[in-house]
Amino acid sequence: MNNDAAKSALIETGKWVSQRGWVPATGGNFSIRTQTGFVVTASGYDKGHLAFEHFLELDTDGKVISGQGKPSAETALHLKLYQLVPQTSCILHTHSVAATVLSRFETSNVLSINGYEMQKSLSGIHSHQTPLEVAVFDNDQDIERLAERVAEYHQQSPILHAVLIRGHGLYALGNSVSETRRHIEGLEFLFACELERIKLESTK
Amino acid sequence: MNNDAAKSALIETGKWVSQRGWVPATGGNFSIRTQTGFVVTASGYDKGHLAFEHFLELDTDGKVISGQGKPSAETALHLKLYQLVPQTSCILHTHSVAATVLSRFETSNVLSINGYEMQKSLSGIHSHQTPLEVAVFDNDQDIERLAERVAEYHQQSPILHAVLIRGHGLYALGNSVSETRRHIEGLEFLFACELERIKLESTK
Amino acid sequence: MNNDAAKSALIETGKWVSQRGWVPATGGNFSIRTQTGFVVTASGYDKGHLAFEHFLELDTDGKVISGQGKPSAETALHLKLYQLVPQTSCILHTHSVAATVLSRFETSNVLSINGYEMQKSLSGIHSHQTPLEVAVFDNDQDIERLAERVAEYHQQSPILHAVLIRGHGLYALGNSVSETRRHIEGLEFLFACELERIKLESTK
Amino acid sequence: MNNDAAKSALIETGKWVSQRGWVPATGGNFSIRTQTGFVVTASGYDKGHLAFEHFLELDTDGKVISGQGKPSAETALHLKLYQLVPQTSCILHTHSVAATVLSRFETSNVLSINGYEMQKSLSGIHSHQTPLEVAVFDNDQDIERLAERVAEYHQQSPILHAVLIRGHGLYALGNSVSETRRHIEGLEFLFACELERIKLESTK
């Protein structure tokens, strides 16, 4: 994908994500792998009203080669994920209530979700009996350090679809914009189910 | 109804269902009984943006007679339900958080709902004191086997309005598109009420 | 208000109520007091898509003087409320999850709400320390009998803003369409708060 | 900002706030500091459909210098907050379910929120480990007295982003309309998370 096509795709995606309430208060950031490196949203803009001037073009090492504004501090995590998971073409980082709360409720480093048909919306999962495992990392304002922890974890348990940052939000990966969007929709549905299921089961 | 009218009705219905959040991540599938058999959605498309090319025409045995793409694996369950419940003209399969979570919370094979005026939105129910019973089946990736279990159950307790698949979603039936839509709306309202009622009662 | 103006006002109101999800599955019914009696919605239509032909004109005794279709069985309750509360000009009957669930949780015949600034959105209430009391009646498929119970209750405790029918929904009253709409919005906000407050307090 | 620009900005903001459900039943009020004093919404209008005639122009002492209608009783609190926090240019007072319920659940005079990346949406907060503290005041129909309590509190613990009135709602402050809107979005996200987190933790 070329840089302009990538920006257009993320402008449209931003509207879609914003309508669902998953990027409040200028939160979140989006990227697409392009022919020359990456396109990523600049920091501080409303993701529901993006325009071409709200993007930066980066080379494969993360150096800004075009565009104004500040790259989000979390750009380092996008780059790390593209390096670790080569088939990834699009990364969407969102903030939903369900993802944020579940990532705090789960105190281990893996959120495991099982028994839902919707797990099959994640690529490579073909049964509700195949647990969906999402790594959960403690939040860290030092993004380089956080990226290193993600890399270390990946050596043991390869990251496939997504990463949760505790109390922070979701990074969803996919081999295309539409796959990443489908992964977010599937994951957010499952997070919403788990929130309700946990509360309901506690009444028994 | 002819095949083209059926597709148009399901395109419109898809927008309606999608706006309510009940077919996330390309989930769900829809069908209508036609003069020549059935029209059913092909697998893998966003149900909020359907077009004529996203449908398959099947004969009464479920053999594809027109259309491209893969019929959903769950087509076998649509066919079985049309055979079992002859007055059925439209089947909508949806994934809502409430239906999914309640179907897991209910560990028996019947979800019984009572005491709500809204039960009267289901055809044939004329009082809040007539329990609404919805069969719940364990999910199964072998759809033929699942369809057989539905058929066996139906011999004992006829299926009327809907079937829940545990951790999976809702199949709603009706004698017209509008009746099936009304059944989904009534059922989803009741599921949402039950979720809240159970949590609230547990505080007593 | 004349009959046509009343129908137009209720068509617009129906869209507004429907967008908020308070009249699912053709539920609910609306009326306005007119120069010649009452205008009321006919039974069985989607309240978000009303047209002139979906209304009946009734005289002050509830006899149909114009219009096709069946008056809702609940028309008798509208008439009784207009008789009991003379300043009432518009009655909107809605089905929300919060109203339905709270009316079942509250087992007495009064739901009392206190401590919210939003109580002041109900006419005649000027402080959060003035309890808002809403009568709750057991549901009954015999509407005439239900209407009689409402009348008896009113002799003891005058009905001011609204009535809840247990497991059924809300009847909101006002001296104009806009007042009744404001009453519904205020009441639904308070019901939603109470649902959350009760669950939250139970965690202490 | 001049008075007309302020009114236009608040008309647009009113639509935005209303769509999110945070100003039901004509609740809420908005203001902007202008060259000649303040512009504030008049009492009793739907904040989602504001027009120029729904605003009052006040001088810096709160005296009405232009406009019809009644200034909201809460105008006194807007004025006090502008005096106490000089960098404030826009104040939005809203009523959400989450803010209202949390302000009652928290029985002390400070709601402290910690561990969320979203805290950084509030100006001056740069880490999820910097607690966000929002003062909570008991509701009072005597707004002058309430404003005095706010002033007293501010001497001890300066008010930065927002104030909660118990069972009533949120006053959000910012140095521009867009900052106040971002503060509201960030705060409402955090309130919604806290509601869910508290319920979820209680199941452990």
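Per-chain numbering from 1; labels A, B, C and D assigned in written order.
By definition in this document, a residue touches a chain if its C-beta (ideal position, glycine included) is under 8 Å from a C-beta of that chain, and two chains touch if they have at least 3 such contacts.
None of the values given here were measured: they were computed from a predicted structure.
**Q** Same or different for chain A and chain D, where same means more than half of the interface numbers show up on both copies?
**A** Chain A vs chain D: different; shared/all numbers falls short of half.
**Q** Provide the C-alpha centroid distance between chain B and chain D, rounded to the nearest whole angstrom.
**A** 45
**Q** Could you grab the centroid distance between chain B and chain C? Build each centroid from C-alpha atoms only and quote it in angstrom.
**A** One centre to the other, that is 32 Å.
**Q** Mind pulling the chain A residues that touch 2 or more other chains?
**A** 199, 201-202
**Q** Among the chains present, which pairs are found to touch?
**A** In this structure, the chains touch in these pairs: A-B, A-D, B-C, C-D.
**Q** Taking the complex as given, what residues does chain A use to touch chain B?
**A** For this pair, the touching residues of chain A are 115-118, 121, 126-129, 182-183, 185-186, 188-189, 192-193, 196-197, 199-203.
**Q** With touch defined as at the start, can you tell me which chain A residues reach chain D in the complex?
**A** On the chain A side, the touching residues are 24-27, 95, 97-98, 100-101, 104-105, 139, 141, 165-169, 195, 198-199, 201-202.
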